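Both of the next two complexes hold subunit A, though its partner changes from subunit B to subunit C.
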Partner chain A sequence: MTNNTNDVPLYVDLHKKHIRALEKNKESFSYWAIEHLRVSGVYWGIGAMDLMNALGEMDREEIISYILSCKHPNGGFGGNVGHDAHLLYTLSAVQVMAILNALDRLDIDSIVKFVSSLQNEDGSFQGDEWGEIDTRFSYCAVCCLAILGRKDAIDTQKAAEYVLKCRNFDGGFGCTPGAESHAGQIFTCVAALSILGQLDKIDADLLGFWLCERQLDCGGLNGRPEKLEDVCYSWWVLSALAILKRLHWINLDKLKSFILQCQDDDNGGIADRPGDVADVFHTFFGLCGLSFCGYPGLKAIDPTYALCADTIQRLGL
Partner chain B sequence: MHGVKRRTKTKDELEAENQKIERESIAKFVLLSERVEKDKTMLESELSVKELLEKLKNCNDLLELNYELYYVWNQKRMIINQIQKKISSESEDHDLELILNGELNVIQTSIRNNPKSYWTWFHRKWILNQLKNPDWKKEIGLCVKLLSMDERNFHCWGYRRWVSKQMGENLQLEKDFTTQKIDEKFSNYSAWHYRSSVLPQLYGEDLSYLEDELGWVKNAFWTKPQDQSAWFYYRWIIESVMKREDSKQILETEMNELNELIEAEPECKWPLITKLFLISKGAPSDEDSKSILDKLIRLDPMRIGHYNDMLKE
Partner chain C sequence: RKRKKMEEGKRLFDGLNACFDKDPLIDELGFILSASDFGADEKDGFIANSEHKLGITYWCIPIIQKFCHPLFMMLKHRLIDSHSPRISLWSQFNQQDQNLLILFFQTTRILLLINSDCYSAFNARKWMLTVEENSKENGEEGKNLLNFDTELRFLNLLLTKHPKSGEVWVHRRWILNRWKLRGNSLDSIWRQDVEICTRVSVIYPKNYHAWNHRAWILKQVNSQKRCLEDLGMMNDWCRRNLSDHCGFHHRKTILLQLFNLQISMSEQVEGEDVGEIWKREFFFVEKLIILYPGHESPWSYRRFLSYYSLHWYTFNDQWRRKCKGDPFRFSSVTKGEDHWKEENFVKFLVKLDLNNWISNEFTESVEWNLNREMEFTLHCILDEGAEKYEKQSKFASMYRIWLIQTVLGMLKKNTEPDSAETKEKILLFEECRNTIESLTKNLSVSQQMVDELMRKNDYSFLPIE
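Entry: the complex of A and B
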């Protein structure tokens, strides 16, 4: 990886400060704007700190307590204390506990029961008892169970079959059968198929081609043809390409320059594009993108589980 | 008064004002949140339909501040389930269809304000599943309107697909809709995508439609060769053509036409990438793949990784 001397540096200290401040600043509207998905916010924050080798700067016990307080009697986790259980937040909760090496604090059986109860006959997963079906939820279920070592609890063959039903003319995947290819959905489907051992069913050249065409002249990536670049696609597109062993089909130098330009050099954090307001979601995924680009000082990130490589090693995944 | 200059607010004053507005917004949010939370505990007791409707309104007020509060959408459904129970047990006389249609109006406003909320779209489907006589034509009309405002809203396209299935799936109508959208804008990838799933369902084993499709997609990329959408679709049409007996002749014709476009637009990468694709399908070529790849590396250096891999093959 070459270093463009015009690149701004990665403002590691500012980003760490930005993340540490998130928990405390109840006065800011942005705190309340994401209160419904706070558990995921914690995952993005902890994940970012881990990437920056700064996990020790967070209050491990406080975070574990908070995550456990979001547990629902039915075994799943809500987005915040007292919120209804949902697969999205159940995965985030399990990911946080995995990062903090605290999986033993979880009632794994009850989580497994919750997750497996959401699989339908056709192999699809609904997000919760209300029935919304989406391949995002397939990924949440499969990833969660894999981290807990309990893939046996679901019908993995049917789970893969359903994901494959969502494959499109361009080699990509959508949220349900017939839905348009979108980089976010492509990540969830490719990662799910990887966990389920069915990557061979993907036309990697065709999909890789579609994915590498997400890179725009500015170096940033979009999520679908003709859409704007957004830092979070540094994750969705790159992780899918990494799983398909075609990461080099993206110009990583140009992407790195783009991500670095999306930093807020006053308050820290990374935004969706240069000049916009930063948030923890884009900070985490921007750092993930930089990790894929080989940015020095960042840990390696696993493209399937969105956890640092050392966590994956510890879990034996 | 005379001679008093207007004083523009200082940065600090503006900052203080913004903070005040923020504090007031947060206070309002917290208040409505607490009310909805309290309502949830009351749902365990026997409430009248009138009381339940009030609780529903409380949910709507909170959602107006943030449509992503998924647990509030859940609470709305719990309330509606209770309303249905109360009405069907005939302990109260209320028009359920009226209440549910009222919900549709509320959701319509939500969608207009936040057309990309998964939770909102799902709730609309859920309400329609509760109605005895859903007006599917109206729902298609809603899709037409929204897609005229944002032709790439995949939530809306997905919703249209779902509504179409509920209506017994008029595939010709769906095809015509994609034709209209693509005619409006060649770069409407969402429309091309939908078309790719509608046509095989509409025509089944009969591949004679592919000739018209070829003509039509070529019109798109001849007009705007830099738009990638038509090129992706074209690859899929060619893959489908390979199942036909006359695929060899078609490939030859396609290659000849593509070469004409390359002559007209030598700096555009898409015809060149597509030429490589046609060669891979067995089309005869005046030029070898290596020479084409060298051109592509010069025209599109961003993707040198991909082209180098193709060179290795």
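Entry: the complex of A and C
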């Protein structure tokens, strides 16, 4: 990987500052806009700190207490204290506990029961008791159970079959059968199939081809044809390509330069594109993208589980 | 001081809810910097006018939320979560709890106006609607806080301010599914929902959730009539929104549905034959590509059309019987010479009526086959006179690479891989592949990717199913 001397550096300290400040910002408009998914916000924040080798700067016990306070009697986790149980936040909760090496603090059986209860006969997963189906939920279920070592609790064959039903002629995947191919959904489906041991059912060349077309002249990636570049696709596209062993099909140097330009050099954090307001979501995924590009000083990230490689090793995945 | 803030929060909360009591037909929501800008009393925190528009000031939002959010959570716990099993009839509540239901409903309304992804508030409404129905069926008096119509209206309102919200559509589908389960037909809702999807797509283009919902409702009604109606609406949309990949994807959804409808019915359906529609679609997209060069979405759509034409010719008897010629027909590719018969196309364009995009003249006189595809893409790659030439050339090159890989994959997977005919075709396409490098221009994708693909012998891009 060449180092373009025109690149701005990675403002690690500013990003750490940005993430630590999120704890305190509980009164603002922007807090209320996303308070329902704060558990995922914690995952993105912790994940980012871990990538920057700064996990020790966070208050481990406080975070564990917070996560546990979002637990429901049925085993699922809500997006914030009081919010209803949902697969999305159950996965985020488990991921946080995995990073903090605190899985022993969880009632694993109850989580497994919650997750497996959401699988339908056709193998699909609903997000919660109210029934919405989406391939993202397939990934949440499968990834969560894999981290807990309990994939056996669901019908893995049917789970894979349903995901494959959502494959389109272009090799991509949508949220439901026939839905438009979307890089985010593609990541969830490819990662799910990887965990389920059915990657061979994917035409890696065809899908790799589609994914490569996401790279624009500016070096950034988009999620679908003719959409704008967005830093979060540095994760969705790159991780899918990494799982398909075609990461080298993307121009990583150009992407790296693009991500670095999306940093907020005043207050820290990374935005979706240069000049926009930073947030923890894009900060995490921007750092993930830089990690894939081999940026020095960042930990390696696993493309399937979105956890650092050392966590994966510890879990034996 | 904290109590003062809570009092102010309650005042704002009550005021906002009163708007809805006064005007149940509020249909547009916005966030504003200042209420006094619109002639209202600034301390009200919002403005509601006689045209059913509601504006909430940014400054009052954190104050309302600090009051409303804990109240919602407290009531949710008391009325829903603390009961195991859940309450399913209003009569199961004591009088004190029954009196809290209106307040609970109001908290869900405010939370969603401000953050329509607040899924727990939607869940609470689902619960309330369920209990309301159960209670009425049980002969009890309902609370009449909400019903299908009011929910749909509320969702439409939320979309005016939160067009990107995913949870709004999730709730909408739950409502519609329930409505369907009670014996109603979604066909009567179809047009209304399509209108909402269109409106939202105008506010926030390439809106994945809105278009996904449009596809969902079309699948629910599953009729050739509605498919054709939708396709008709899409003609205008696609012409005006050439960069909208969602719009072109919706055409794919409609076409696949039409195909499935036709093959699932043994006799010829009334109206259009899907093979004819397919042919017209080719020329529809070709017109767009030629008239408005440099847009990726029409090229992406062309891939879809080519893929399924070849796929069904290979694997579907019904389709193959309808085809007039062999779409795999391919004689040769000559490098550097422009065989694309632009004069024919120009002649057609001169006669083109832009108000009637679906015209039979061109479709009947020209046959679709691989030969023509290769010539057409060559023309687009080399035509430096076209506006946005570089982009057009790039998309044409990518299409050409994709097409060759796809054809090789299909030839490999077809029923007679060893026939002399198939072998000859494979040879011709392999030769084609070898000339790719000199023809691919302006690609921003990694050259390494193209090189790797073109040298493989186990042609991937295999057909699905």
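Before moving on, here are some points about what is shown:
The definition used in the following text is that the second predicted complex is superposed on the first by the 316 of 317 C-alpha atoms of A that agree within 3 Å, B and C clash if a C-alpha of one lies under 4 Å from a C-alpha of the other, contacts with A are read in each partner's own complex, and residues count from 1 in each chain.
Operating definition for what follows: contacts are C-beta pairs under 8 Å (C-beta built on N, C-alpha and C of every residue); 3 or more make two chains touch, one makes a residue touch a chain.
Quantities reported herein were computed from a predicted structural model and do not represent experimental measurements.
After superposition on subunit A, the partners subunit B and subunit C collide with one another. Applying the stated contact rule after C-alpha superposition, one finds that A:36 touches each of subunit B and subunit C. When both complexes are overlaid on chain A, the residue A:169 reaches subunit B and subunit C alike.
In the superposed model, A:251 makes contact with both subunit B and subunit C.
Contact with subunit C, but none with subunit B, is seen for A:203 once the two complexes are overlaid on the shared chain. In the superposition on chain A, the residues of subunit A contacted by subunit B and by subunit C overlap at 27-29, 32-33, 36-37, 78-79, 82-84, 86, 128, 130-132, 169-170, 174-176, 178-180, 182, 208-209, 212-213, 215, 217, 224-227, 246, 248-251. Touching subunit B in their complex are the following residues of subunit A: 27-29, 32-33, 36-37, 78-79, 82-84, 86, 128, 130-132, 134, 168-170, 174-176, 178-182, 208-210, 212-213, 215, 217, 224-227, 246, 248-251, 254.
Looking at the complex, you find that subunit B touches subunit A at residues 22-23, 25-26, 29-30, 37, 66, 68-71, 74, 77, 118, 122, 126, 152, 154, 157-158, 161, 187, 189-190, 193-194, 196-197, 227-229, 232-233, 235-236, 301-306, 309. Put simply, subunit A touches subunit C in their complex at residues 27-29, 31-37, 78-79, 81-84, 86, 128, 130-132, 167, 169-171, 174-176, 178-180, 182, 203-206, 208-209, 212-213, 215-217, 224-227, 246, 248-251. Across the interface of their complex, subunit A is touched by residues 58, 61-62, 65-66, 69, 73, 76-77, 114-115, 117-120, 123, 126, 170, 173-174, 177, 206, 208, 211-212, 215-216, 219, 243-246, 249, 253, 256, 295-297, 300, 303-304, 307-308, 311, 398, 401-402, 405, 444-446, 448-449, 452-453, 456, 460-464 of subunit C.
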